[in-house]
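Each structure below is given as structure tokens.
The same chain A turns up in both complexes below, where it pairs with chain B and then with chain C.
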Partner chain A sequence: MEKPKVATTSLAGCFGCHMSLLDIDDRILKLIELVDFDKSPIDDIKNFTGRCAVGIVEGGCCNEENVHVLQDFRKNCDILISCGDCAIDGGIPAMRNNIPLKECFDEAYHDGPTVYNPNNITPNDKELPLILNKVYPCHHVVKMDYHLPGCPPSADTLWEALVALLSNKPIELPYELIKYD
Partner chain B sequence: MSQKLSRIIKNACESCGNDRNRLMDIVTAIQKECGAVTLEAMDIIAKELNVQRVDVESVVSFYSFLSKEEKGKVVIRICNDVVDILKGAEDVAKVFSETLGIEIGQTAADGSISLEYTPCIGLSDQAPAVLINDVAITNLTVDKAKSIANDLKNGVLPESLTKECGDGNNANDLVKSMVKNNIIKKGSVIFAERQSEAGLEKAITMSPSDVISLIKASKVRGRGGAGFPTGMKWEFTRAAKGDKKYVVCNADEGEPGTFKDRVLLTEKFDMLCEGMAIGGYCIGSDSGIIYLRGEYAYLKAFLEKKLSQRKEVGLLGANICGKDGFNFDIRIQIGAGAYICGEETALISSCEGLRGDPKTRPPFPAQKGYLASPTTVNNVETFCSIAKILEKDAAWYSAIGTKGSTGTKILSISGDCSNPGIYEYDFGVKVSDMLKDAGAEDTKAVLIGGPSGQLIGKTDFNRIICYDDLATGGSIVIFNSYRNILEIVKSYLEFFVEESCGYCTPCRTGNVLLLNKIEEILEGKGEPSDIKYLEDLCSTVKVTSRCGLGQTSPNPVLTSIKNFREVYDAVLKLNEDGRQPTFDIKASLEVAEALQGRKSVIY
Partner chain C sequence: MDKTITFKIDGVDVKGFPGQTIMEAADAAGVYIPRLCYLKDLTPHGSCRVCTIKVDGRAQAACTQPIAEGVEVENNTAELNEKRRDIIDMFFVEGNHFCMFCEKSGNCELQAMAYRLGICAPKYPFQFPDCSLDATHPDLFIDRNRCILCGRCVNASKVIDEKSVFEFVGRGAAKKIAVNADTLAGTNMAVSDKAAGVCPVGAIIKKRVGFEVPVGKRLYDTEPIGSDIEAKQ
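Up next, the complex of A and B:
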């Protein structure tokens, strides 16, 4: 029987959630017995090769490319998981949400104390995705099926969630795994 | 200026014995005289009372009738309760705004007039209504609003705007208000003919514990809505340890659509004082406080006169009715526009000169209430009922109403009906009979118990008003078939968002999320899964909020989903591609496109 496919992506995140996924250590060998990885930074597949059972999304949406990728995930995956706090509520990138975009640009490229920009250039190559007015959590852009909180969710949390999902069993997350203080 | 301010503040503080627990009275007096409690004023008050500035500022910033910034000499508060909106409050607001040349929420440049919205002011039976300073103006039309606005512009004093007084004590020299009582149905307990003070006179011939036993036997329950047995509450308070105990009357009816206490205070104040004195006798207290909502400040002088009259004839003060050692006095504590202060522990906080934050229960007020002393807090109508119960007896009273809900209940009926007003029914009255009496036709929905109660539809009109079926503190709002249920739900959520004290997250944030979702649904951007989202969120807010506000604020959403599901289903659309209809990629890119001077190549 063909193995179900899993895709992953990091949008406006720090790749910490992906690091946590790698943190499942040798269980990754068990994982690839259970699934094939499709589009993902882990195997560097850039485009979907077919329908996926599960899409794991790290980070929220801070630019148009994030939105595009997320919509692509929604189109190609049966189940989408918001993985980590940035995907769930914007996280650190969303700290800019109360500051006008112009001020963010000025601080980042001109006025910030560590900025070196003798020609006073604001990056504006047409290949650069346009920034959204604010950072959106994933479920504000497309419908998300599950939310796995944590910064990042621990390897054990990710492992338990994936195994439960793939074996169609109810998820059992012991208190230690979802306690954050 | 500074010296004058100093003098005003010193006088205000001294008149309250420089007691920090009387901070509400002090800041209210200063607000009235100076139009604001400025930062400078706060510093002086703090010094006089030997507290921190933040203690004063936290109070001033909490109550909507108090402000740091100077308000106009005349403050026009337009009631924007749902009933007032149905009756044209928005048109009235527009006329005020245009005629005076100021936006809602603004003060005129010359400092003469401020214009603002305020939630239910207890005049739903004569909506749309406004408060101009303490003067209530009722049954407004666009034309009347225009002429009032012009009068005010020409310097006419708010007091002179009342051309014709209402009935009963509304015409009393100390009230002189155009407010009408609108007592439409008199029942056998509160509005029946009676021998005044008979209840109190009888009580003092009995032992306090016998009086409590009689009240328990009558099975009377609290009229504020929660329905706790009054006899039991008094028994607990009597048994609680403490040298000093308090009887507090909750006259802060802020539940939208309620106005019964307004009428009881106007017409049945002696009966209320009689009930409070009986309470003092029962629990062993010599001090009573009536917490009068700021919206009813127009009654304050009249009520204070009444209190001093009672003192003169020995019904208050020392050795009441000639009974040696039975001392009881009442003071009036004025509120300043905060719905949450109707919650008993928030009310106690307010009486103590604090922000109207609810306190954690337990300990309940019966153990630890006002100034940490055992306190009983009861509704106006409860005290009035007690006076009658003592006058008659427990068996007479418990024969009225239903088994679990004895006596009568005063309902404040308003909305889409031809006879809005006060109705005293025996408990157990059918909703359909009530609608008939009120002259309601083509009724689509009835809100029982205000927005924190439940919104019911036709299939429930054969149910009855009582604690075991449809419980209510007295607010009944009727909506006809032209009304948009979702708009009504939205308005009430806006009310709760505004009135949440902000202490606990589920209420402060949860109500905003509920409102956002209802707005999305109204914009046609809802999908079927939103129902579950709303239900889950409602349950979180209800279960995890600290006080009654958050525990009931989701009710308009929950009961409208339950009883008017078709209204939701009609606008919820299944969203095939999994994209959120509320997310507008084009709008979210506008700022960046303008800043960077290029258009998106993807979207």
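Up next, the complex of A and C:
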């Protein structure tokens, strides 16, 4: 029987959730027996190669590319998981949600104390995805089936969740595994 | 304490004495009723409604409702816990609660209540309100992003400290906590005041003591909020 596929991505996140996934230590060998990784930074597959059972999304949406990737995940995954606080509530990137975009750019590229920008350029290449007015939690953009809170969620949380889903059970986290920090 | 009053919570007999609220009698009996704005020693504010119970079928706030002979109280029911979850969800989306760097995380009563009720994410859309932070005071700061308008600081400052440093201003969604000067530094607030230590969330924070307790050893890391009361049983 073909193994179910798992895809992962990091949108507006810090890769901490992915590091936490690697933190399952030797259980990763067991995981590889249970699933194949599809589109994911873990194996560097850039495009979906087939339908995935589970999609794990780290980070919220801060630019248009994040939105496209998230929509692509929704289209290609049976179960989509918001993994970590950034995916769930925007997290640290969402701290800019009450600051006008212009002010954010000015601080980042012109006025900030460590900025070196002799030509005073604000990056505006066509290749760069446009920044959204706000950072959006994933479930504000597409339907998310599960939320695993934490910054990052612990390796045990991720393991419990994956094992439950791969054995066709709903995710039921015990008290110690629901944490927001 | 001349007369005992007997009533039921979730079918179990609880005894109390005249003048006690349902919350007080339940606490003494080791029955935990979830709450947020209530704090022992302060005047009950009755504002958060997390302690909503049913008394003979009618919804009441346990922290303000006096006990009465023979009444049947519902507390730990699926329906009431669902409503409590809704309230907690609303608190989370109506503020900016960045637990990952909050000094209060692990000791926060709002967060702990969400943990106890098993909330992985609030069901309502986040509002990302625009709130201010006042760090002018040498020993304290107030971060309104985290305030849940429980009224504890208002009451403690007025009744216990006799200073009235805090008061609510505005109404409805515009309601917020204010201080009786331009900034917190302009008030006579002291870090030793009762009001400095009653905030259930990280809105009023003492400076230079953040993150003192390591992760794993904080109040609600391993035991749900209310476990101390339930242990009395």
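Definition applied: the second predicted complex is superposed on the first by the 175 of 181 C-alpha atoms of A that agree within 3 Å, B and C clash if a C-alpha of one lies under 4 Å from a C-alpha of the other, contacts with A are read in each partner's own complex, and residues count from 1 in each chain.
By our rule, contacts are C-beta pairs under 8 Å (C-beta built on N, C-alpha and C of every residue); 3 or more make two chains touch, one makes a residue touch a chain.
Everything numeric in this text was worked out from a predicted model, so none of it was measured.
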Q) Following superposition onto chain A, is the placement of chain B relative to chain C best described as a clash or a fit? A) clash
Q: For A:Val67, decide between first (touching chain B), second (touching chain C), both and neither.
A: first
Q. Between chain B (first) and chain C (second), which, if any, makes contact with A:Asp44: first, second, both or neither?
A. neither
Q) Who does A:Val142 touch here: chain B (first), chain C (second), both, or neither? A) first
Q. Between chain B (first) and chain C (second), which does A:Ile178 come into contact with in this model arrangement: first, second, both, or neither?
A. second
Q.
On the A-aligned overlay, A:Lys134 touches which partner chain: chain B = first, chain C = second, or both, or neither?
A. both
Q. After superposition on the shared chain, which partner residues are touched by A:Asp25: those of chain B (first), chain C (second), both, or neither?
A. neither
Q: Would you find which stretch of chain C runs into chain B in the superposed arrangement, from 113-121, 131-139, 167-175 or 221-229?
A: 167-175
Q. Touching chain B and also chain C: which chain A residues?
A. 134, 139-140
Q.
Going by the contact rule set out above, which residues of chain A touch chain C in the complex?
A. 82, 85, 88-92, 94-95, 97-98, 134, 137, 139-140, 146-149, 151, 173, 175-176, 178-181
Q: Show which residues of chain C lie in contact with chain A when the two form their complex.
A: 92, 96-102, 105-106, 111, 114-116, 118-122, 125-126, 128-131, 215, 221-222, 224
Q: Would you pull the chain B residues touching chain A in the complex into a rising list?
A: 529, 575, 577-580, 582-583, 585, 587-593, 595-598, 600-603
Q. Which positions of chain A touch chain B when the two form their complex?
A. 64-65, 67-68, 71, 74-75, 100-102, 105, 122, 124, 126, 129-134, 136, 139-143
